[in-house]
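Just so it is clear, A, B and C label the chains in written order, and each chain counts residues from 1 on its own.
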Amino acid sequence: MSETLLEVEDLHTRFATREGTVHAVEGVSFTVDKGEIVGVVGESGSGKSVTARSLIRLEDPGYIERGSVRFDDIEMTDADDRTIRRVRGDGMAMVFQDPMETLNPVFSIGEQIVESIKVHESPEEQRLLDYLNVPLFSSRGKRSQMRQQAIDLMSEVGIPHPETRVSAYPHEFSGGMRQRAMLAIALAREPDLLIADEPTTALDVTIQAEILQRIRDLNEELGMAVLMITHDLGVVAELCDKVVVMYGGQVMEEGPVEEVLTNPKHPYTESLLGCMPQTCDRGEPLNVIEGRVPSMVGGPTGCPFASRCWCSSESCTTGDLPTEQVGEDHTSRCHHVEELSEPMEADQ
Amino acid sequence: MTRPIVEIDDVVKRFPVDDSLFAKLLGNDTYVTAVDGVSLSIEPGETLALVGESGSGKSTLANLVTGLHAPTSGTIRFEGKAVGEATTRDKETLAAIGMVFQNPRGSLDSRLTIEQIIAEPLKARGWSASEREQKVESLIERVNLSQAYLPRHPHELSGGEAQRVAIARAIALNPRLIVLDEPVSALDVSVQAKIVNLLMELQQDLNLTYLFIAHDLNVVEHIADRIAVMYLGQLMELAPTEALFTQTSHPYTETLLSAIPSVDPTKQKERVILDGDIPSPINTPNGCVFHTRCPLADEQCATQTPAAEHIGESTSWCHYAAEFTSDEKQITGAVSDD
Amino acid sequence: MSNQDSTANQSVIATTRRRYRSVKNSRRLGRFLSNRLNVVGLLFVSVVVLSAIFAPVIAPEGPNEQDLFNRLDSPSAEHPMGTDQLGRDVLSRLLYGARISLQISLAVVAITLAIGTAVGLIAGYAGGWVDEALMRFVDILLAFPGILLALVIAGILGPNLTNIMIALAVVGWTQYARIIRGSVLSVKQEEFVKAAQLMGVPRRRIVLRHILPNVVTPVIVLATMDMAYVILGTAGLSFLGLGAQPPTPEWGTMLSQGRNFVDTAWWVVNFPGLAIMITVLGFNLLGDGLRDVLDPRDMGDVENKGM
């Protein structure tokens, strides 16, 4: 067994709204080992993004009700600001879906990467003088060295002509290039874990393929673990070692990618795979999941998927979900795992 | 043979980069060429898919067909009749072409009720209140929503429900052609499947022709009869769906296909990763527009614009279409790094 | 026919009921009330509006009732805010003054709003030469310092309240036109407008039914704050003798008349000054509050917070 890097246990994140408390994440547990790529997959409203944000303590305006997030032996849920800053500085880095919103439009890409390098080198001390580049006070040598580091990082993530583009501004970059720049900013902190929240959703498939390739290379070269948040099962299949399937704020199924995607042990995973156009003949109606995503206001009773599930029974609508071991490292949270044991039928 | 429902003939669309008065007075005319000499036709009853990356001009081409834009040059004929911008079209033509947009909520006015939204095209054609009411009720049921939705507002609907409302509005005036601009791209997989099914069902029942814009080739493969691949405003390949997916005749199509992630982890394929970005549409490359990123490109590609070449049922705009199709030239081994 | 009417009525009733319910439960109301300054603003404005409406009922005396034996009396039980140089009750004059101020500001804001919105809508939706011509005209008007232009107009037309209104209206509409035009340009790009165009919806209906309701929000905020600006402008011009003429109980005129007695009778100037301040402050706070509440960007709220 390899070493565990991140351990999430029974995490509950909630939002207080005027309509009531939204239970966005409801008892999520999983682990990420060093150097592993884990995918968290789910539809909108499944709580996958809130989970990711909670890990790095960006859950605001929500709050963590209970549960534990242990990163490298640091308990994140009750860590003080200083510790959280340190972890963000060199432990976990996050890449978001929309790079235009996360890049600051008034600083050049190079400056933003350099800032990230500075944060990594001294997460505690941030002096205003470091940012002002006042002659005499800040050393020229250090500045050009950091600039060089930024250029190296840019070439590492595949930005062509980094020497000239280091002083370009975000609006001069295309969507794919911006996402690469975000990746460079994250890498400047030499993180042990990269949390990528739908990093390729806004991009074209060709660009997506390239970014995924980069992430895989970085994982192999630097041994950096990756937590990939996505709605796209294709991305998971492509990139991940392990997958966590979420629905209604809860984990439905967890296991090695190959097993989960070829031999799902949870009706939700099975239905979701069935919806993919590839699984159907051309021109034939696609399989669908009837009903709509349940409201997350108020606590769940039983399995969130029960109302849409083809094999739900009375036991599904009450109580907690069991965690059934269905294979090595493969768990399914369903009352009816036994009935699903046969390989998936095309026409369920 | 029946006459095509839409004929697009050598259509060019340019947008001025700076549209201000001063720019016009100073004669400062830099243009973005969004669509660059595209010719194709759509047969009645078929689904023609337009695919390409962002910036390929596929949405602009769709807007030219619906009349949101007027072509800079070239003609668009709908049922044999040349049509211009929507404002110049007669009501009959406007009614005959429906449109569904990508963002379901954005295409519905958030201040109207669902009933008012669906009734809008009927009202524009002068239907009376009672006729409208009846028609709206039958339309909402046609897209598998209950009448309870009628008094609601768009923000109370999920993405899939909003898209159903948009579809109901598009079919309100019994159109013959519907232009679908990325109708399922903003939706979750499970919702996407329902909308795709609904679209296929409506096409059968109402005898509709679809112009389907998409970047998701999985959906396209499922729903389209023919596929037109665009890049930088030009057609790269036009082929029946099956032919395109089994034997591509253009290197660009091949890279697009190879980039789709497969859900089956045991069947991971070799990937063609292109260098760099799509070039700027202000200064499009000479010769074949794809030559700057094409692994097969040589001098000829950089200087001469390729002519249409017919290979089987496919049409390809590549100098090496024949060699490429017969695997004499391949792009996978050349650049792939694993 | 009657059947149709009744269904129409029913749907109207249903919509009204829904609207009411949505206001009652809305987070907007909650958000407005959660900021204490908004409530203060609303309170100030309500006080001024109520005193204007009920001035004849609550005022102890008529606004122009002179009592030459009791000139410049200090505040007392009989005259809570004292009397002025002609023995008129200051409180009564203030209450009637509120009427004048509110009437003028309402009229001016309504006129500017109407002109500005119309010009902005036309310029924004038509585009091209129409847009250029209208907007350059607006630029020219904006190039003059506003209050100076009003001074000139009031000076030329002669000093009275009607001319003040004209002067302030001429100056005021331009900013509405600009804001509306800007919003129209962005709403015009929205897909629902394109959809309406493709359905052959007449242009007038597109502009009035689809675009106007979606661009009017920022303007409502501005109009609220403009009420304060117009009240201040009226008072200022009247103070300079270009607006209301004595004995009209206008706040600016009262200030101007009372300033000769500021050494001996502080109440003659300070109470009108306070009235102006409270009203202006009230409208500004209310405008700020409305801005927080009406900002359409937060419509989605929690739904869009990455869930």
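Operating definition for what follows: contacts are C-beta pairs under 8 Å (C-beta built on N, C-alpha and C of every residue); 3 or more make two chains touch, one makes a residue touch a chain.
Bear in mind that the values here come from a model prediction, so they are computed numbers and not experimental data.
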Two chains sharing the most contacts, counting C-beta pairs only: A-B
Farthest-lying chain, centroid of Cα atoms versus that of subunit B: C
Length of the line joining the C-alpha centres of subunit A and subunit C, rounded to whole Å: 50
Between subunit B and subunit A, distance of the C-alpha-averaged centres to the nearest whole Å: 31
Numbers and ranges of subunit A residues touching at least 2 other chains: 44
Subunit A-facing residues of subunit B, complex: 53-54, 158-161, 188-194, 196-197, 200-201, 215-219, 221-223, 241-242, 255-256, 258-266, 268, 271, 273-278
Partner subunit B, residues of subunit C touching it in the complex: 4, 7-8, 11, 14-15, 18, 132, 190-192, 194-202, 205, 209-210, 213-214, 299-300
Residues on subunit A engaged by subunit B in the complex (per definition of touch): 43-44, 160, 174-177, 204-210, 212-213, 231-235, 237-238, 257-258, 261-262, 271-273, 275-280, 282-283, 285-289, 292-293
Complex contacts: residues of subunit B adjacent to subunit C: 21, 66-68, 86-87, 89, 91, 94-95, 97-99, 101-103, 106-113, 120-121, 123-125, 129-130, 133, 151, 155, 166, 169, 173
